[in-house]
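Working notes, structure below.
Chains here go by letter, A, B, C and D, matching the order in which they are written, and residues are numbered from 1 within each.
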Amino acid sequence: MARLIDTPLVDASLMEVAREIGPVLRQESNGSESQRRLTQGAVDALSSGGLLTMLTSKSMGGQEVNPITYASVVEEISRSDPSSGWSLVNPLLWAFLCSRLPDQGADELLGNDPRAWFTAAIAPPLTAVPVDGGYIVSGRGLFASNCHHAAWFAAVCEVKPGQDRNGKAADATKPIWVYVAAQDCRILDTWHVLGLRGTGSDDFEVENAFVPHHRAFPLTTEFVAGSNFQGPLYQFSLMGMITAALPSVMLGIARTAIDEVATLAEIKTPAGNSSSLRSRPSAHSSIAQAEAAYRSGRALLYETLIRIWESTLAGNQISWSDRSDIVLAATNAALQSAHATELMYRLAGTAGIYQHQRLERFFRDMQVARQHRFYTEARYETFGQMYFGLQPDYSLTLL
Amino acid sequence: MARLIDTPLVDASLMEVAREIGPVLRQESNGSESQRRLTQGAVDALSSGGLLTMLTSKSMGGQEVNPITYASVVEEISRSDPSSGWSLVNPLLWAFLCSRLPDQGADELLGNDPRAWFTAAIAPPLTAVPVDGGYIVSGRGLFASNCHHAAWFAAVCEVKPGQDRNGKAADATKPIWVYVAAQDCRILDTWHVLGLRGTGSDDFEVENAFVPHHRAFPLTTEFVAGSNFQGPLYQFSLMGMITAALPSVMLGIARTAIDEVATLAEIKTPAGNSSSLRSRPSAHSSIAQAEAAYRSGRALLYETLIRIWESTLAGNQISWSDRSDIVLAATNAALQSAHATELMYRLAGTAGIYQHQRLERFFRDMQVARQHRFYTEARYETFGQMYFGLQPDYSLTLL
Amino acid sequence: MASTPDQDYIQIAKDLGPVIQQYSDQAEREGRMPQVMWDALSDAGLLSLLSPKKLGGEEVDPITYSRIVEEISIHDAAAGWTLTNPLLFGLLCARLPQQGALDILGKDPRARLAATFGPPLKAVRVEGGYRISGYGPFASNCHQAAWMGAICQVVEEGPDNPELDINQRSRLIWGYYPAKDCQILDNWHVMGMRGTGSNDILVKESFIPDHRCMPFGAEYELGPDFQGPLYRFPFIGMAVGGLTPMVLGIARRAIDEAAALAKVKTPAGSSKLLWEHPATQHKIAQAEGVVRAGRALLYETLNARWEATLAGEEVTIDHRADLMLAASTAASNAAYAVELMFSLGGTTGIYVNSPLERCFRDMQVLRQQRLLADGRYETFGQMYFGLEPDFITIVI
Amino acid sequence: MASTPDQDYIQIAKDLGPVIQQYSDQAEREGRMPQVMWDALSDAGLLSLLSPKKLGGEEVDPITYSRIVEEISIHDAAAGWTLTNPLLFGLLCARLPQQGALDILGKDPRARLAATFGPPLKAVRVEGGYRISGYGPFASNCHQAAWMGAICQVVEEGPDNPELDINQRSRLIWGYYPAKDCQILDNWHVMGMRGTGSNDILVKESFIPDHRCMPFGAEYELGPDFQGPLYRFPFIGMAVGGLTPMVLGIARRAIDEAAALAKVKTPAGSSKLLWEHPATQHKIAQAEGVVRAGRALLYETLNARWEATLAGEEVTIDHRADLMLAASTAASNAAYAVELMFSLGGTTGIYVNSPLERCFRDMQVLRQQRLLADGRYETFGQMYFGLEPDFITIVI
């Protein structure tokens, strides 16, 4: 069946890179799974051909692609190995956020190495105490994907009362986003999970690490982009970039699950039945529902991203309803992908339970990916709150 | 919440045994999981207190309990460890079927050791060639649960044309059920799966094993029970016994999943939310739907088993509509249990993805158990066929 | 006492099938139960099912009651509703002072009752009782009623300031007034359950003497004529037992109609009869499975509670939650089954002369009823976690 | 050519909103579109939307067409149906001999057409044409039609032995006869979509000359007045583009009505407005999500196919499957959304004067329509696996 979206906004050469490294990622996926973090082979593949600098600005040596290209590349990678897709998404998102740092900070993080790996912990927040020249950061960060390869650990921090540079008492402020050097963080061995095992999303601890002001910024809806980040990409919302990325991992999983079962259906005869799977009405209905779920989830996601990107290009600010539309498109794409994958797992019958089947791993990967709070069912309530003009319960939506 | 079914038909002393060994089975479950078959500790626990002879006749030293007790015990065991529950079900079912053997066969299998372990392969059939005094059996059997502990390997066989005892050509007949000695079977290392890992359900191969006539019987709706099996239990249908057993494993999984989450809900506050899980409307609705699914699935299962058991006690034959009712009650209980477990996994959020949580394992166990063809969604069609008076596509229903 | 359920009564209900069917269309058209159908129920003794034997009633057990409503509802769910509704409001007479119960059921144990159970009317305290006024919705079978029941909020004379009890909550009472004191509004124009005559009503200054009312809440004393175990059974249990069988009846009818259709209909573009299609077999089984499971849970729960009542056990909040959950489950299962059967019927089911169309519409309305609605899943969850339930009827 | 979609035409459709709303209840009551509403559509040029420019029609692109039907259906899905139905049957004139197309659209490009597309009528070969007779269901807007279209099976004179083609399959033709030759039966008494006037019809011995008919199948030649790309767009695509927007319109309306209700209604027993309940926020979002996703897939698929048509590309069986899947998905999503909104509305939605009640009924009927029904998922699966599809319209 034809792929339905083929927009000229997608950078064809990066898609070509993504397709070329697919077989390598697929081959490395067993190793990543068993060592519970990406193998060096997978890291090297992802580091090739500019993928790691997709969201870094051109003036700093990056590709500065649009969100639609980002989404397409992530889906393509995830079709080969969801853990690799997830591991590409994360460093890029936190590199993207360097655009909101003071110039000195962005230079320090990306100036020498535009391909630096980042990891981050979003909730619950760590604590930051104001001191002369910056903050003292402490606490435990959860789900720090790819932390084993990261040079920098980003984190949301709650700011406690402390001292300003003149030794006077400084009040608590709004939450901030900080980048801590990797050597100041201790990784804990916590990532023993059902799926997405290759992402190495362990927890970490920081104790009294100093973060200078130029490696921190306040988490607010309004921001000023750094002087190396004047392109429209950096006016796009964080939630928009997350929406381009994480649901795309799930779309990639669903796509492969369908393809695997379609192949299986050609050959498999369910135990106890004389007719092959492909001639069974239940298979017809399942495959159609899975394709429909995948395609309609994808269609709304891209329609939304394209519309808001074109509005950004035209110089508009991201509006309240843009923000709620983003949440809705992401949630829908995620849940539809999960539904499609479950249909395919069900359809495969016992063929799907064996670990040597890709379907078994993709099913498990999906079960973990779908628990992410960016787009669980609870986000429907978030959309509903914004729809009725209430402050959303999930504040990330506004960033 | 009170347990809703409390029928005097359940043997209280066996339930007490099941409850007593629960902590042991729970403790052994990690070992069973990692070695992909039950630990000796779990096997020893299951061998205690008469559980292994529940379906063996009193005249052969067994307990000869009714199907309702069997179902209750299996659910109780499965609440502690689904793999143990599954592993209790299987040997008992195939011991139960010894009642349809010629007396000499039943004596050979159960006479010396009424607690002998059995395994079986049901589909696809192996092949049996008639020879003087019996059959020569060959082929590959799938999903032979607990084969590592089994003294006897049961199997469905297709009968090929061969020779009778006078050397004359013997025609192919209906399928038969045979018991092959363990030493004639070679176990293959195939059980690398998503869940129910502790059941050791590997495949096996047999090559030209001789099975005497007294260890075989034809698979037909009509049968004559052996002289040691004259109690009403042995008039109950095979599908009825399977229905008492396997959906009960799934009910046990669902019960524990709900209990785990109810406990979790008291303490867990979802990341990014200020209110605890127990005060969230979505948790209220989920827990109620899960309880409803579990309870109604269980209610119909027991109502059906009790009705047909009482009819059997009254001397009635299992009727056509009894048989279809059994399929329906089993399918409903299985799917409702799966639904309840999925709701609870979803509700737990990221707490459910960690391997050290029981929920993660129970979720995986359910995903494997529900793929069993005894009660997948396809059995709805089987019921529908019988409802309209058609021959069912799934012939096991008639045994 | 008679074994449970009492098969003689159930047979009486079955025997009424033909007359219910005969007048079902008329009820639908006129938006209320025809008098001849009401008389048939009354003559068969069904309208005194829950009245005490001491007053000449039948005083059957809850399971028998539930089974009777189910039998009637298979033929016409609206008739089931019009039977169960006066019985439930008659049952509450057990909690009145003796004189009040005698006023209403003493001369005639047949419950010629309707009521408004929704937003309360206003009651002003006067000499010897209350003067009530207000607007009440869903007064089912109001056209047949001699007495009207009502939940009322006690207010001060003048502007509607509620009188508050010692916990600063507004005080609610339950009372009965003559049905002729209220004006029936012509507004029961609905998608389904049309035959129930659930019009809204208006009351202006009707007097309720003290012996015909009581505080509306969890605390009560039983009248001297109501000392049998039936009156100690929780009211939520009687509501569950009275309402849930209607959805079971509708679902049973829908499955039977769809199965009959499947044996004769060849869908457009197909060369096979409907019943030969795997999808038909699948849907029939799904529908049977969920309806039977909901039904099994309902009767199992009612039975367990009735046996406990006979044994003199207290009713805990968990028991109440169990009863309610059985209703939600049976209703949600039955609604799903009717969806499946409607989908199975294809275009046949869209015609207004198709029983499937009627079943579908009735079910869509019934599933919005408070006790049967999806929202009760949340109520159960609240009780499960020990929170205050949002559904007040649960404690009555 | 004009950019796609043509906003001027969409504005015309929007401007018709008030008149559609004004006569919507009358249409519902009378079981057909009132003449004044039909005239309004006709005067605005919408009835000649798909007729060729050479014959004085508008010849708009499929996307514009689809958007117009959606705009009309937001106000009244039955009106959307009554618009799209004659347009689709007029479109098939493109495949007639020139004289036939001139007969029907030549003097007046407005499609005053109805048709029976279901089980075929019988056609007997006679001098210069066919003599047709039979019973046809669902002849929507037959009351307004000047011409009736029909699928007919060619049979031998006498007993109804079909004439077989060289593959031993019975031969089907599509033809047009004067509407006055058929008798309209009074049987359109349905749950929803009442205003479409989809009565069944009877024809006895009407003559169809050869130039007003053609073989019914995948092979055809376009008439000289129909050389624009619109007529090379697959018919299944036009059916998808014409029918699917109705379910989108109903869902849009249901969401808007439920959201408006949620801002003013306080559910019985609650102290908060409906919109303050998390469950309301949840349902609104689920509904918006599924409707938008179905809509995005529909327009994306239509756009992709229209651009391919403009570029002269062939239509493969996969393209046809894609178009059909977009319709099934949008319909199933929209039906789910309406369910959610109906459930959100609670008892408010059961009253016949509630727009939610109307949306719900209309949706229940529309989802049984062949192209939009669940069964098309199976058809897609058959095509996916390379089997013969069970839904013949797909290849037309």
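Following the convention adopted for this analysis, a contact is a pair of C-beta atoms (placed from the backbone, for glycine too) under 8 Å apart; a residue touches a chain by one contact, two chains touch by 3 or more.
Quick caveat, the model's predicted, so the values are computed rather than measured.
Peer 1: Looking at B-D and B-C, which one has the bigger number of contacting C-beta pairs?
Peer 2: More C-beta contacts join the chains of B-C.
Peer 1: Which chain has its C-alpha centre farthest away from the C-alpha centre of chain D?
Peer 2: B
Peer 1: Compute the distance, rounded to whole Å, between the mean C-alpha positions of chain A and chain B.
Peer 2: 42
Peer 1: Return the distance between the CA-based centres of chain B and chain D, expressed in whole Å.
Peer 2: 52
Peer 1: List the centre-to-centre spacing of chain B and chain C in whole Å, with centres computed as mean CA coordinates.
Peer 2: Measuring from centre to centre gives 42 Å for this pair.
Peer 1: Which residues does chain B have that touch at least 2 chains other than itself?
Peer 2: 281-282, 285, 377
Peer 1: I need the residues of chain C touching at least two other chains; which ones are they?
Peer 2: 278-279, 282, 374, 378
Peer 1: Quick one: which bits of chain B touch chain D in the complex? Just the residue numbers, please.
Peer 2: 281-282, 285
Peer 1: Spell out the part of chain A that touches chain B in their complex, as residue ranges.
Peer 2: 123-124, 142-143, 190, 192-195, 270-273, 282, 345-346, 349-350, 352-356, 360, 363-364, 367-368, 371-373, 376-378, 381, 393-394, 396
Peer 1: In the complex formed with chain D, which residues of chain A make contact?
Peer 2: 1-2, 4-6, 262, 265-266, 278-279, 281, 283-289, 291-292, 295-297, 299-300, 302-303, 328-329, 331-332, 336, 377, 379-385, 387-388, 390
Peer 1: Which positions of chain C touch chain B when the two form their complex?
Peer 2: Residue positions touching the partner: 259, 262-263, 275, 278, 280-286, 288-290, 292-294, 296-297, 300-301, 304, 318-319, 321-322, 325, 328-330, 332-333, 374, 376-382, 384-385, 387.
Peer 1: Given the complex with chain D, which residues does chain C contribute to the contact?
Peer 2: 118-119, 138, 187, 189-192, 268-270, 279, 342-343, 346-347, 349-353, 357, 360-361, 364-365, 368, 370, 373-375, 378, 390-392
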